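One chain, chain A, appears in both complexes that follow, with chain B as partner in the first and chain C in the second.
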Partner chain A sequence: MADSDVQSWEYLERLQGTEFYRLYKNPTSALAIFRKRLSSLAKSLVMALLYLNAPLPVKDLDVWVKPGSRSEKEHALDLLQRYHITAVSSSKAYTLTENFSRSLRQALTGGGDTKSFGEIAHPPSNPSITVEDLDGFARNQWEGILGYMVGNSAIPLESTSTVVDPSPGVIELLKAGHLIELAGSSRLGYSPKITKDGFAFVLQDINTQVWSLLFLYVDHAEDFAMTKVAVLSFLFLISSLELGQAYTKSHLDADQLRILSDLSDFGIIYQSSSDSLDFYPTRLATTLTSDSNTSSSNNTNLSSALTTSSTSQAHGFIIIETNYRIYAYTSSPLQTSLLGLFTNLRSRHPNLITAKMTKSSVQRAVQMGITAEQIISYLTSHAHPQMRRHAIQAASAASDPAKAAQAASVIPATVLDQIHLWQIEKDRMTTTPGYLMKQFGTQAEYERYWQFADQIGVLVWRSDRKRMFFVNQIDSLRRFMKSSRESGAEG
Partner chain B sequence: MNAVDGSQHYEQSSSEQNPSLLTIILDTNPVAWSLLSGTLSLSKAVASLLVFINAHLACNYTNKVAVVASHCHTAQWLYPTSAQQHLRNVRQAKRRLDDSGPIVNDQLSEPTKRVRINGPKDDSTNGIKLKFNIVQRKPIASSDKYRPFRVVEEELLDNLSKLLSTTGPTGISSNTSTMVAGALTLALSYINRQNSAFAESSGGATNTADSAPPNASSRAAETNDKNLLHSRILIISVSPSHDLAHQYIPIMNSIFACQRLSIPIDICQIPTPNAPSSSTVFLQQASDATKGVYIPLSNATSGGLLQYLMMAFLPTQSSRIHLVLPTRIDVDFRAACFCHRRVVDIGFVCSICLSIFCNPPENGDCLTCGTHLELGDYGGRPMVVPRQKKRKKPRSTLDQSRVSTPTPGPA
Partner chain C sequence: MPTAAKGALLQCDPPQMAVLKSINEKAGNIYIIEPIDDHTCLVSENKVDEIKRLVKETMDTAMGIGEDDAEEKDSDLD
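Moving on to the complex of A and B:
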C-alpha cells in the first residue's frame, strides 16, 4: 500500500518482545491491545485461556475450531503470537504470557491500588466544563492541524477566522513524519507543503488519523528522553478514561505531565493551563480504542461532534450520483479543500458544495499520491444517510446474493469501478514487500508450504514450474516450517 | 489495458467486528439458590457472572449488556435500570433524606444480610467485592476499574439487593418457580428496541427487515449482516424443570420469536442437588431451536462456572461460525399439555388449533378454540385398519403379502 510510510497499528508489531513484556504490566494496555487488535476468534481464544488452570493442548484447539475455518485459526494464532500474548510451551500447548494474563484479569476484576484507570478529581477545579466545550476544543485543535496541512497548499480558500494554528511541537512532528515539508526561510516564515503521505493521512477517518499521529509521537519519544513503552502505556491509560470527567494529575510523573501538555496540543485532552491540577479527556481520547467502524454509533458521534462545525447533518454530508457529480452539504473549509483534492469544484453555496469527479481530477489526486482506496473510504465514511439507506434498499431488492453484496456498497458501483480504473491507468505496477521462498527439496514439501501460506492468507504469488513462491509475511510460515521439520525428524 | 475486465467489480471488504448485545437472564429463584448454597452461593455466582460481563464488554467498545432477573414472582431488570425502577429509587432516596441518619443505615444493611444468606463469608471471589452497602453509599468507588465495568457492576448489585430485600416470605411461599417466560419477553422487547435504535444510528435501515417479503428477508439479513447488531440471550437456570410447565405457551412463543429473529438462546443449567432429573425440558428445546449453546454443569462450583462461561458462552456469533459448539444431541422434545400443564410424551392434539391435551377434553370440545372434535370411539393407541387386510386376504396368504410390499430400508 502507498500509505505504508504513515504510522499505523503495524507499528506496534515492530516492538521488541521485552517491550511488550513491560507494556503488558499495565491493565489498560493489555485491555486496549486485546480490544483493538485481535480478531474475534483470537479474542475468544484469549478469554477461554484466561481462567484456564492448565495450558490448552494444540490438539484440543484443533478439535475446538471447525476444520473449515483453518485460515481464521491460523490468522488468530498469528496475531496472538505477534503481540506476544500466547506462548507455546514445550509440551505443545498454548498458554497466555504471564504479564498479559495477569493484567487482563486485573482489568476484568478490578482490585489492586495501582490507579491504573486514572483518578477522578473531585471536586474538579473548574466544574463548568461541559462535554460540548470539550468537543469544541477537540474539533478546533484537530481541524486546526488538518487545515494547516491542507488549507494553505492545496486550494486557497477564504478561511473563516476560527482556524487555530497548531503549536510548534505539532508542526515539528508533522515534519518528522514526512507529512508536510516546510518551505521558505526563517525570516519570511515557513509555509507548509503537504507530501504524498500527508494526503494519505488527511483522507483517513479520524480515528486512524489520531493514532497515526500518536504513533509518530511514540516513535519520536526517545528524542525527548522518554521510553516508547512509557508513552504507549500512558496513551492506553488516557484512552480508558471517561468523557466529561476531570482527572487529577497528582499521581503523574514528570514524563506523563509532559505527554499531557503535548496531547493537549492535539486536542486529545483538555487542560485549562499547563499547571492546572486536573485534566479532561476529550472525545478523541475516549474513542481511541473503539473500532474505526464508521457505522458504529459511537464513532458517528465522534465524527458528528468533530466534523460538523456548522452544518446540521449528523452523520455524513456527501451525495454521489452515478454521473460522478458530488453534492456535499458542508460549509467547513477543511472538508471543502479535502474534496477539492480529487474533484473539480463547481460551485459553492452557503451550505452546499457541488463538484464533479473526472478522469483528470482523480488522476491528479493519484499523481499526488492518493490511492483509489483512500478516495473511496473517504467518500464512504462521509456518505449522506440517504445514500446508505438507498444502498441497503438496493441490497434487499436485488435478486441474487452476489448482486446484493455488490449493491450493498454505499457508493454507486460504476463510480467505484471507475475510480479504480482511472488509478490503474496511471500506475500499473504494484509493489509488495515480502519474502521469496525457493529451493525446496521435494515437490511435497513445496506443496505443503505454499498451501499453508495460502490458507493463512500471506501467499502473493507462486510458480509451480520454478517451485518457488512469494509471501508478504514470514513469521508464521517460518514457525510452521520449523515445527513440521521437527515432527518430520521425530517420525 | 486489455487486461482490465469490466465484469470484475471492486468490492469493499470490511473486517470490522460487529457490536453485540448480550442479554442475560439470571434465575434468582430463592428456593433453588438455597438448595445450592452448599456448593455455589448466589453471591459467588454473581461474582463469576460479573467477570463474564466484563469480558464481554472488553471484547468490543460497542458491546452492550442487559441483565434480567427471573425471580419467583416477577421478572425484573437488573441492568440497565428501567425507568419505573429509577423513579422509585429517586422517590426512596428523597424519603431517606427526610428521615434521620440511623434509619438509613438500617435500610442499607438489610439487603446485605439477605444476599449473604447463602454464603456468609464469601464476599470476594476473584477480586470482585460484593459490598452492597458500600456501593450504595459511595457512588464513586475505587479507580482501579475500567469505568464502564464499574457502572454495570454497581447498578446490577444495587438492583439485585433491592430485589432480594423486597422479596417477603409470602412471595416465596406462593410460588416456588421462576418467571422465565416473563424474563424472556422483557429481553426480547429490549433487544428489539436496541436493534431499531442501532439501525437508526447506523444510517437508517429501519424498516427493511419488516417490509421485505419473508423469503427475501433471510437474504437481506445475510447481506446486511455487517450493519446489524448481533444479539443473543443467555439463561442461567437453577430452577428444576417441572415448575416451568405452567409457562409452557409463553416460553414456546418467545422461543419461536427468537428463532425467527435468529437470536441464539444459550442455556447454562446449574443442577440443584437433591433433584436428580433437573434438566429443563423447554430450555433444551430453546437452545436447540435457536442454535444456541446448552451446557448442564456437572458440578456447581464458582471456578467451574466462570470457566464454562468464558469458554463456551463468551464467543460472539461471528466467532461461533468457526468453533465447534457444545450442543445437546438428545434434546428432550416433550411438550406440556394445555389443560393441566403436565409434561407429556404422547398426547392429543386438536386438529384445528394444534393445542395439546393429556386426556381427551370433555365432550370433545377443544379448550382453546372451542371446536367440537369427533373423538369417535376413543380406545387407545391407533391401530392398523383391519379392512385392508380383509381385502388382501382372499388373493394371497399373509406371507406373500408381506413379500409383495417391500419395506423401505437399507437395500
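Moving on to the complex of A and C:
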C-alpha cells in the first residue's frame, strides 16, 4: 500500500517501540489498545500475565493452549508482539512490558492520577444539552464531511436537514490524505473531486471512517508541532469518556485544546464555542474504542443514531430486486450520492429513489477503485428490513444446509454473482505488496515456514512445486525463522 | 538458506500474463523481478500502477473497446 493513503490500524503498528513506551504511560491508551485491537485469546493471555510476578516460560504458555488452537495462539502472540505488549526475555519467557502492565492495572483497578479518565465539570455550563443534541451535532458534522466528499452540490435536493460544510482544516486534511483533490482556481473557488481512496473511504462503516480520518490527523500532527504520541494519547482519552457528560477543560494544555477544536469540526466532541469551559464527547467519540468483538453491533447502533433524521427508518432502506433494480427509501442527499456511485439513478420521489445497477454503472465504480465487496457490504448493511425477513424465511424453508446458506444472503444471489462477474471482467489483475520467500533447503523447512505464515495470517500465495511462498508481512516470520534456526543449531 | 525478495505479487490470467511479458521484454525487463508461472509473477512494487495501465491499454486496443456499449440500453423504461 502507498503509505499516505487511507490509514488503518496498521498505521499504529508502524510506530516505534519507544513511541509505544510513551503511549502506554497513559492508562486510557493501554486500555484502548487492549479493548480494541486484541483477539479474545490475546486478552486472556494479557489478563493471565498481568499480575504475574515472574516471567512466564514459553513452554508453560504452550501448555495453556490446546494443540488444536495453535494458529489462534500464534496469531495472539504475534499481535501482542506487534503492539509491544509482551516482551520475550533472553531466557525464553514472556513478560508484559512495564508501562503497559502498570497502566492497564491502573485502568482496571482505579487509583493514581484520576484526571487520566477526564474530569467531569460540576456543574456543566450549559445543562440543557441532551444526548439527542449531541447525536444531531455529530451526524450533521460527519454527514457534512462525507457529503462534501461525494459532492452533494452536484445533486440539488430540497432537504430538511441543514448541510454543514466542513471547516478549512478538515478539507486540508482530506486533501493531504489524497481522499479528495481540489480543482478550480482561487478566484472562482475550489470544488472537490473525490479520488479512488476517497471512494473506498465513503463506503466503509462509520467507525472505520472515523479512525481513518483520525490516523490521518495523527500523521499530520507533526506539521502543527505536536507529537504523534501526544495526539494519540489524547484521542484514547477522549474515547474513554462517557456520552452525555460534560468534561472540564481546566487541566488541558494548549495542544490538547487545539486538538479539541479540530475534533469538534469532525463532530467527535461538542463545545458551544472554542472558549467555553467544558466539552461533551459525542457518540462518535465514545464508540471509538469499543470492544473489538462487539464492534459490529456498536456500528449499527452508531449508524442508526446517525441516520435517524434523514430517513424515517433507523437503518435499512434499500430494496434490491433480482432484475438489478434498486428502490431506496431515503431523502438523504448523501445516500443518494453514494448510490449514484455504482448505479444509474432513475427517478427521485419525495422519499424514494429508484435506480438500476448495470454493467456499465458497476464497471464505472470499479474503474474508480470501488470493489465488488464494498458495494455488496454497503447494500447488505443498508438493506431494508423486508429484505432481511425474506432472506430468513427463505433460509428456514430450504431443506438442505448448503441451499439455506445461499438463501440466507440478504441480497439476491444472482445480483451478488453478477456484481462479482462485472468486476472480474474489468479488473482481472490483483497485486499484493510483500515478500517472496524462496530457496528453501529442504521440503520440511519449506513446509514449516509456510505453515507458520499461514497460522499468523500473512500467507498470500504458495507454490509447492516451486517451493516458494509469498507473505504480506515479514517481521514475525523473520523472528520465527531466526529462532527456529537457533534452536535447530542447539539440538 | 531461504531468501526473501521484496516486491508485489501479481496474479492474473494467462492472456494478461502474456501481454505483460511482452511489455516487459520491450521495455528491457524493468517490470518483472521474477516470473513464476502463467498466473503469477513478482513485480516491482512502485511499478504496479504503471503495469496495470499498460496491460489494460494493450488489451483494450487488441479487443476494440466500446463494442459492447450498445447493450446497455434499457428496453423497459418505466
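Just so we're on the same page, the second predicted complex is superposed on the first by the 442 of 491 C-alpha atoms of A that agree within 3 Å, B and C clash if a C-alpha of one lies under 4 Å from a C-alpha of the other, contacts with A are read in each partner's own complex, and residues count from 1 in each chain.
Note that in this section contacts are C-beta pairs under 8 Å (C-beta built on N, C-alpha and C of every residue); 3 or more make two chains touch, one makes a residue touch a chain.
Being a predicted model, the structure only gives us computed values, none of them experimental.
Q: Between chain B and chain C, whom does A:Lys359 touch in the aligned arrangement: first, second, both, or neither?
A: Only chain C; A:Lys359 stays clear of chain B.
Q: I'd like to know which partner A:Arg389 touches here: chain B for first, chain C for second, both or neither.
A: Only chain B; A:Arg389 stays clear of chain C.
Q: Counting only touches as set out at the top, which of chain B and chain C does A:Met47 meet: first, second, both, neither?
A: Once the two structures are laid over each other on A, A:Met47 reaches chain B alone.
Q: What is the contact status of A:Val65 with respect to chain B (first) and chain C (second): first, second, both, or neither?
A: Touch partner of A:Val65: chain B, not chain C.
Q: Given the touch rule stated above, what does A:Pro166 touch, chain B (first), chain C (second), both, or neither?
A: The answer is neither, since A:Pro166 touches no partner chain.
Q: Of chain B and chain C, which one touches more of chain A's residues?
A: B
Q: Would you sort A:Glu119 into first (chain B), second (chain C), both or neither based on which partner it touches?
A: First partner only.
Q: Indicate the residue numbers of chain A shared between its chain B interface and its chain C interface, in ascending order.
A: In chain A, nothing is touched by chain B and also by chain C.
Q: Which residues of chain C touch chain A in their complex?
A: Counting only chain C, the residues touching chain A are 1-13, 16, 34, 36-37, 40, 42-43, 45, 48, 51-52, 55, 68-69, 71-72, 74, 78.
Q: Can you list the residues on chain A that touch chain B in the complex?
A: 27-28, 31, 34-35, 39-41, 43-44, 47-48, 50-52, 63-66, 69, 72-73, 104-120, 122, 240-242, 287, 289-293, 295-298, 300, 315, 376, 380, 385, 388-389, 392-393, 395-396, 398, 401, 404-406, 408-409, 413, 416-417, 420-421, 424-425
Q: Could you please specify the touching residues of chain A with respect to chain C in the complex?
A: Going by the criterion above, the answer is residues 346, 356, 358-360, 428-441, 445-446, 449, 460-461, 463, 466, 468, 470, 474, 478, 481.
Q: Using the touch definition from the top, list the residues of chain B that touch chain A in their complex.
A: For this pair, the touching residues of chain B are 1, 4, 6, 9-12, 14-17, 19, 51, 54-55, 58-62, 126-129, 140, 142-147, 149-150, 198, 201-205, 208, 212, 216-217, 219-220, 222-224, 226-227, 303, 306-307, 310-311, 314-316, 318-319, 321-324.
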